[in-house]
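The two complexes that follow have chain A in common; it is paired with chain B in the first and with chain C in the second.
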Partner chain A sequence: MMNPQSCVKIQKEWDIVGARQLGRELAKEIGFGTVDQARIATAISELARNIYLYANHGEIRYEIIQVPEHKAGLCLIAEDEGPGISDISQVMKDGYTTSGGLGAGLPGVKRLMDEFEIHTEVERGTRIRTIKWLR
Partner chain B sequence: MRIPILKLNNYLLISIQTELDDQTAIQFQEDLLDEIYKTESTGVVIDLTSVEIIDSFIAKVLGDVVTMSGLMGAKVVLTGIQPAVAITLIDLGINMQDVPTALDLEQGLIKLHQELGV
Partner chain C sequence: MDKKIKRIVLEHSDQIVQMWMDNVSELKDENYTTNIGDELYENTNREFVNVIFKSIQNQGSSEEVERFSEKIINLGWPLSYITDGLQIFRRVTVDYILTNTEDMDTEAIKVAFQSVDDWIEPIIRQLVNEYTGNWENIVSLQRVALQELSAPLIPVMDGITIMPLIGTIDTERAKLIMENLLQGTINHNSEVVLIDITGVPVVDTMVAHHIIQAAEAVHLIGAKCILVGIRPEIAQTIVNLGIDLSDFSTKSSLKKGFTSALEITNRKVVPLEGQAKEEKLRHILSSARGE
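Take a look at the complex of A and B:
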């Protein structure tokens, strides 16, 4: 069961901070420990920065997942209408960067979270859906 | 926002207490290098006790400032990295192996004393 929750628009650099702060608050509310809160906040920071750097604007949506008597988690959806990614396998490689960064972004997000899906179309945009489950 | 840089003898001390956004981090990089130049400091401790998140960008800025300060002749020690931050850095694939670290500010100063022999 998914409950639509919140959304942060990424338009300026400071929105990266706002997005990860909200993510940390939600993670805390759901009951994640401090390490997972930091993992989630860091993943959001990477996703939001990618939007800001490559697409200029986009949004991050947060959904709290509650499966009754089963498990809970936080789902993040990062969506933009930016240039898209022409070679996904390349951006998922550690150390690949076009921005002069460390190239840790997307492969890092995948390791920080539990589930990770990416859909991208050149000149149409990118949508990344990633989930962290409460253990 | 500017991060305050304190001078203590021939060291500079910085305690990062704010949420680091990209602009603040870049500004800090420039401010620290200027301050090293102006004060002719030989050692720097950057305390990260209050920092709850270091993403790949902030990690790059911090790693770079250590290298840049080294080029100028000042040794930088990062101190107080929280457990959750250490874990997420490794998850991200950032190992910061060449960056000198210490448990806390006190240990950081001891490390500088030992290495610089002041």
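Take a look at the complex of A and C:
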């Protein structure tokens, strides 16, 4: 069962802070420990920064998930209408960067979270859906 | 014609005020001001409508308007309270004029609209300008205050300097950190610089990248950089992100970092001589008692 929850628009650099604060609050509400809260906040930070850097604007949506076999989880959807990614396998490799950064963003998010899906189309935009389960 | 309309409005101000008050108090329920006391809301409304009437009577007493907008800001009410209030005033007044004046032709209606607009327009402009100007002022003051706090550098001892970072790091702040760090290291002639990230809530790749760059730059000017205050959860997220900090000395707490900074500069903390003797004596006494 999914409850559509909140949504944060990413337009300026400070929106990243707002996005991850909301994420941290939701994670706390669901009952994640401090380590997982930090993981979720960091993942949101990466996703939001990618939106800000490459697509200029987009949004991050939060959904609290309740599934019988798992206890609960937090689903993050980062969506933008930016330039898209031409080679996904490359960006999922550690150390690949186009912005002069560390190149650990997307593969890092994948490791921070439990589930990770990416849909992207060049010139159309990118949509990343990622879930952290409460154990 | 304009004078005539003004006279009508001023003569029947009580009715217009009443209509306006009714309309405005409806606003209260549907949006922003739900957690404001009824009495305060009504008093402020009364003041608001007085301000409007006063500025209609003697075009351009700006002090009153200024004071009122300041009050709204101090109360923390949104700008929409002002704009909605004036919009309602315009509607109510035009409504009143049209229903209470006989034989209005289209020309007269046009004039009525025009004159009400002419009264309201300057008030809206002034109130909105005051309000936004005040906000801009507050924001810019806070930005300056924040910038002053953003990258402090504290020389604690000959050759040892600490930079405690608290709060979110954005690109602008990262730049400031780098500048202050390098300038300070040279000015204080530091051998060791401790960067304390205890108060940084999230270390993502961008923050890590900037810290790594700062540490490398410090290294280039001949000092050593130790990253301290890495909380357990931050350590885990750094590992998850796959950020390689193995080239840097890191310590869990500022205390440990400071101890190793002392070691690097060939120093250590020892108790004063008198106390050391006392300590020894106490030790001997306690061991004697034990026998």
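FYI, the second predicted complex is superposed on the first by the 132 of 135 C-alpha atoms of A that agree within 3 Å, B and C clash if a C-alpha of one lies under 4 Å from a C-alpha of the other, contacts with A are read in each partner's own complex, and residues count from 1 in each chain.
Convention: a contact is a pair of C-beta atoms (placed from the backbone, for glycine too) under 8 Å apart; a residue touches a chain by one contact, two chains touch by 3 or more.
It should be emphasised that the depicted structure is a prediction, and the values quoted were computed from it without experimental measurement.
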item	value
Fit or clash - chain C, chain B, common chain A	clash
Which of chain B and chain C A:42 touches, first, second, both or neither	both
Partner chain in contact with A:83 - chain B first, chain C second, else both or neither	neither
Steric overlap of chain C with chain B in the superposed model, located at which of 39-47, 57-65, 147-155 or 273-281	147-155
On chain A, positions contacted by chain B and by chain C	13-14, 16-17, 20, 34-35, 37-39, 41-42, 45-46, 49, 94, 101-105, 107-108, 111-112
Residue numbers on chain C that touch chain A, as the complex places them	168, 170-171, 201-206, 208-209, 212, 232-234, 236-237, 240-243
In the complex, chain A residues that touch chain B	13-14, 16-17, 20-21, 24, 34-35, 37-39, 41-42, 45-46, 49, 94-95, 101-105, 107-108, 111-112
Residue ranges of chain A touching chain C (in the complex, touch as defined)	13-14, 16-17, 20, 34-35, 37-39, 41-42, 45-46, 49, 94, 101-105, 107-108, 111-112
Chain A-facing residues of chain B, complex	19, 21-23, 52-57, 59-60, 82-85, 87-88, 91-94
